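The structure that follows is given in the form of C-alpha cells.
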Amino acid sequence: MSSTPLLYGLCAVALFAIGLLGAFLHSGLLTRLLAVNVSGSGVLLLFVVLAYQGAGQRPDPVPHALVLTGLVVAVSATALALMLGRWLQRPEQEPEPETEQDQE
Amino acid sequence: MVELLAGVLMLSGAVMFLVGSIGLLRLPDIYCRLHALTKVDNLGLGLIVAGLVLRHSDPRLAIKMILVWILLLASSAAIAHLIARQALRRESE
Amino acid sequence: MSAIEILPLIALTLVILALCVGLWPAVRGPTLADRMLSVQLLGTAGVAVLMLLAGISDSEALIDVALVLALLAVVAVAALTREGSKHG
Amino acid sequence: MMDSWLFDVVDALLALTAVVLAAMSVLGSDQKRSIVLFIAFGLLLSLIWARLQAPDLALAEAAIGAGLTGALLLSALPYSTAEKGACRQQRAWADIAFNRALRGLAATLIAGVAIAMIWALDDGRLQSVPFTVSEQVFGHLPHSGVGNPVTAVLLNFRAYDTLLELAVLLCVALGILALGQPSVPVVAPGPVLVLLVGILVPLLVLMAGYLLWVGAHAPGGAFQGGAVLAAAGVLLLLSGHRDAWLPGPRLLAAALGAGLFLFIGAGAAMTLSGAVFLEYPEGWAGAIILLIEAMALLSIAVTLVLAYLGGPPAPSPSPPARHTDVEGH
C-alpha cells in the first residue's frame, strides 16, 4: 500500500491547524482571511485524499465536485468579506453627527 | 533506443531546473538572477517537452505541449521585463 | 521495472526538488522583485511537473492544467508588479 | 512503475513544502510577503491536486487559488495596511497578559484538534470509506448526457448543489454592487504590459471557451472556464481598462443572473412537462447541460471580476491604457 493518502492526510491536518491558529492570532482582516483560506484548503485536501483510490484507480468524483464548489464559494466569500471590511472602515472618515442622526 | 534518448532529455531538463534554482540562491543581485533564471528554466522546460514528444508520438499532444512551451517562452520574457522594471523603480525611489 | 522507465520519474523528482529550493527567495526576500522571481520560477517548474506527470500517468488533461497554470502564473506576477508600483 | 519509492519522495516534498509555505504565509507579520507566499501556496496546491488525480480541481485551483485570490488580496492591501498599527498602540499590561493567555489556550485547543484528526487518520479510516456513491455515479454516467463524472455530478446528479451555489454567487455579486464604490485608478501601464495583455486576454478567452466545451467529456467545465475568463477581466483592469470590458448596468445584471435563472427556468420547464425538477429528458441532457454551463460560466466570470473590482465598473471614456498606447507608437 502506498503512503500517499497518509502523507497528504497529515498535510491536510497541518494546514487546517495552521490556518485556524493564524485566524486566532491575527487581528487584521486581511491576514485573518488569508488564514481562514489556508484552513479551508486543508479541509478540501482531506476531501480529495478521501476520494483518492490509489495509483491507476479512478478517484471518487463526488468529493471532487464538492471541493470544486467549495473552491468557488471560498473565493467569493473572501471577496465579500474584504468588501465588508472596506465598508466598515469607511465611516471613520465621515463626520460623527450623521451616524447619530441615523440612529434617532 | 528512443525511450532512452527521451529519458536522457528529460533528465537533463530537470538538471537545468536545479541549476536555475541554485542560481536563484547563489547569484549576487536581482538582475543576474533574472538573467540566469529565465533562460535556464525555459531551456529546461524545452528539453523536457522534447523528451515527452519523443516518448509519446501522438501529434495532437505534441503540438499542445510545444504550444505551452512557446507561450511560456513569450510570457517569461515579458515577465522578466516587468520584474526588472519593478526592481529598478524600487531602487530609484 | 526497467532503468529506462524510471528516468522520467527521476526527472520529476529533480524538478520538484528544484521547485522547493527555488521557493526559498519567496520566503526570505528581501525585495518584492526576489519574491516575484521565485513565483515565476514556481510557474515554470510547475508546468514542467504537470507535463512530466501527464507523461508518466498518461493523463492528457494535465497538459490543459499546465496551460492554465502557465497563463495564470503570468496574471499573478503581473498583479504583483502593478501593486508594487502603486505603493511600494 | 506506480509503486516506486520515488513517488513517496515526490509526495513528501510537495506536502512538506505546502505546509512550510502555509505556515510562513499565515504566521508572518508582513502582509505583502504573506500574500506572495499565499499565491505560491495556491500554485503548489494545484500541483498536489494533479498528483492526487483530480485534474478538474487542479484546473480550478490554478485559476482561482493562484491567480484570482492572490490578485483579490493584493487589491485589498491598500485598505488594510492602516488598521494594524492603530489598534496595537494603546493597550494596558493586563490586557496584553490576558491576550497572551487566550492565545496560548487557542493554540493548545487547536493542537488537540489536530492530534485528534491525526489519530482518526491513523485509525485506517482513509482506506475503509465505502464507495457505493462512486459506483452509482459511474453506473449512471452513460445516461447523464456528459462523459466527465465530475461534470455529471455537478450539473446532473447533484444539480441542486450547483443551483444553490450560483445563488450564493449572485448574493455575493449583489453585496459587492450594493456596498462597493468605483475603484481607485491605477498607474498607467508600460508598453510591455500592454503588449502582454493584448496577447494574453484573447488566449484566456479562448481557453475559457475550450474548457467549457471540453468539460463535457474531460476535465474542465463552467467553474474552471469562468475563473479563467475572470482572469482575463482582472488582467484588463491591471492594464488600466477601468471597466474591464464589462457591459452597462442592464446587461451586467442580465449576465449576473443568467446562470441561476436559466437553471431555474430549465428545471421549471421540466416540471411543467411532467418530469421531476431538474430531471433532464433523455437525449437532451447533454445540450441542456452545455447551455446552463455556458450561462453559469458568464455569471461566475462577471461575479469574480466584480469581486476584484470591488464595486460597480466605472464608466471610463478614455482608459489610461489608450494614452500609453498612443505615446508608445
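A, B, C and D are the chain letters, set down in written order, and residue numbers restart from 1 in every chain.
Rule of thumb we're sticking to: a contact is a pair of C-beta atoms (placed from the backbone, for glycine too) under 8 Å apart; a residue touches a chain by one contact, two chains touch by 3 or more.
Note that the coordinates shown come from a computational prediction; the quantities given were computed from them, not determined experimentally.
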Components of the interchain contact network lacking chain D: A | B, C
Rounded Å distance, chain C centre to chain D centre (Cα mean): 19
Chain centre separation (chain A, chain B; CA means) in Å: 32
Rounded Å distance, chain B centre to chain C centre (Cα mean): 10
Between chain B and chain D, centroid-to-centroid distance (C-alpha), Å: 27
Touching two or more other chains - residues of chain A: 55
Shared interface positions of chain C, touching two or more other chains: 5, 10, 12, 17, 19, 32, 36, 38, 43, 57, 60, 67, 71, 74, 78, 80-81, 85, 88
Contacts with 2+ other chains: residues of chain B: 71, 75, 78-79, 82, 85
All chain pairs that touch each other: A-D, B-C, B-D, C-D
In the complex, chain A residues that touch chain D: 1-11, 13-22, 24-25, 27-31, 33-35, 37-38, 41, 45, 48-53, 55-56, 58-62, 64-69, 71-73, 75-80, 82-87, 89
Chain D residues touching chain A - in the complex, by the definition given at the top: 2-3, 7-8, 11-12, 15-16, 18-19, 22-23, 25-27, 31, 34-35, 38, 41, 45, 48-49, 51-54, 56-57, 60-61, 64-65, 68-69, 72-73, 76-77, 79-80, 82-84, 87-88, 103, 106-107, 110-111, 113-114, 117-118, 121, 126-127, 129, 131, 133-134, 137-138, 149-150, 152-154, 158, 161-162, 165, 168-169, 172, 175-176, 179-180, 223, 226-227, 300, 303-304, 307-308, 310
Complex interface listing, chain B residues touching chain D: 71, 74-75, 78-79, 81-82, 85
Complex contacts: residues of chain B adjacent to chain C: 3-4, 6-8, 10-11, 13-15, 17-18, 20-22, 24-25, 30, 33-34, 37-38, 41-42, 44-45, 48-49, 51-52, 55-56, 61, 64-65, 67-68, 71-72, 75-76, 78-80, 82-87, 89-90
Of all residues in chain C, those that touch chain D in their complex: 1, 5-6, 9-10, 12-13, 16-17, 19-20, 23, 26-27, 29, 32, 35-36, 38-39, 42-43, 46, 49-50, 53, 56-57, 59-62, 64-65, 67-69, 71-76, 78-83, 85-88
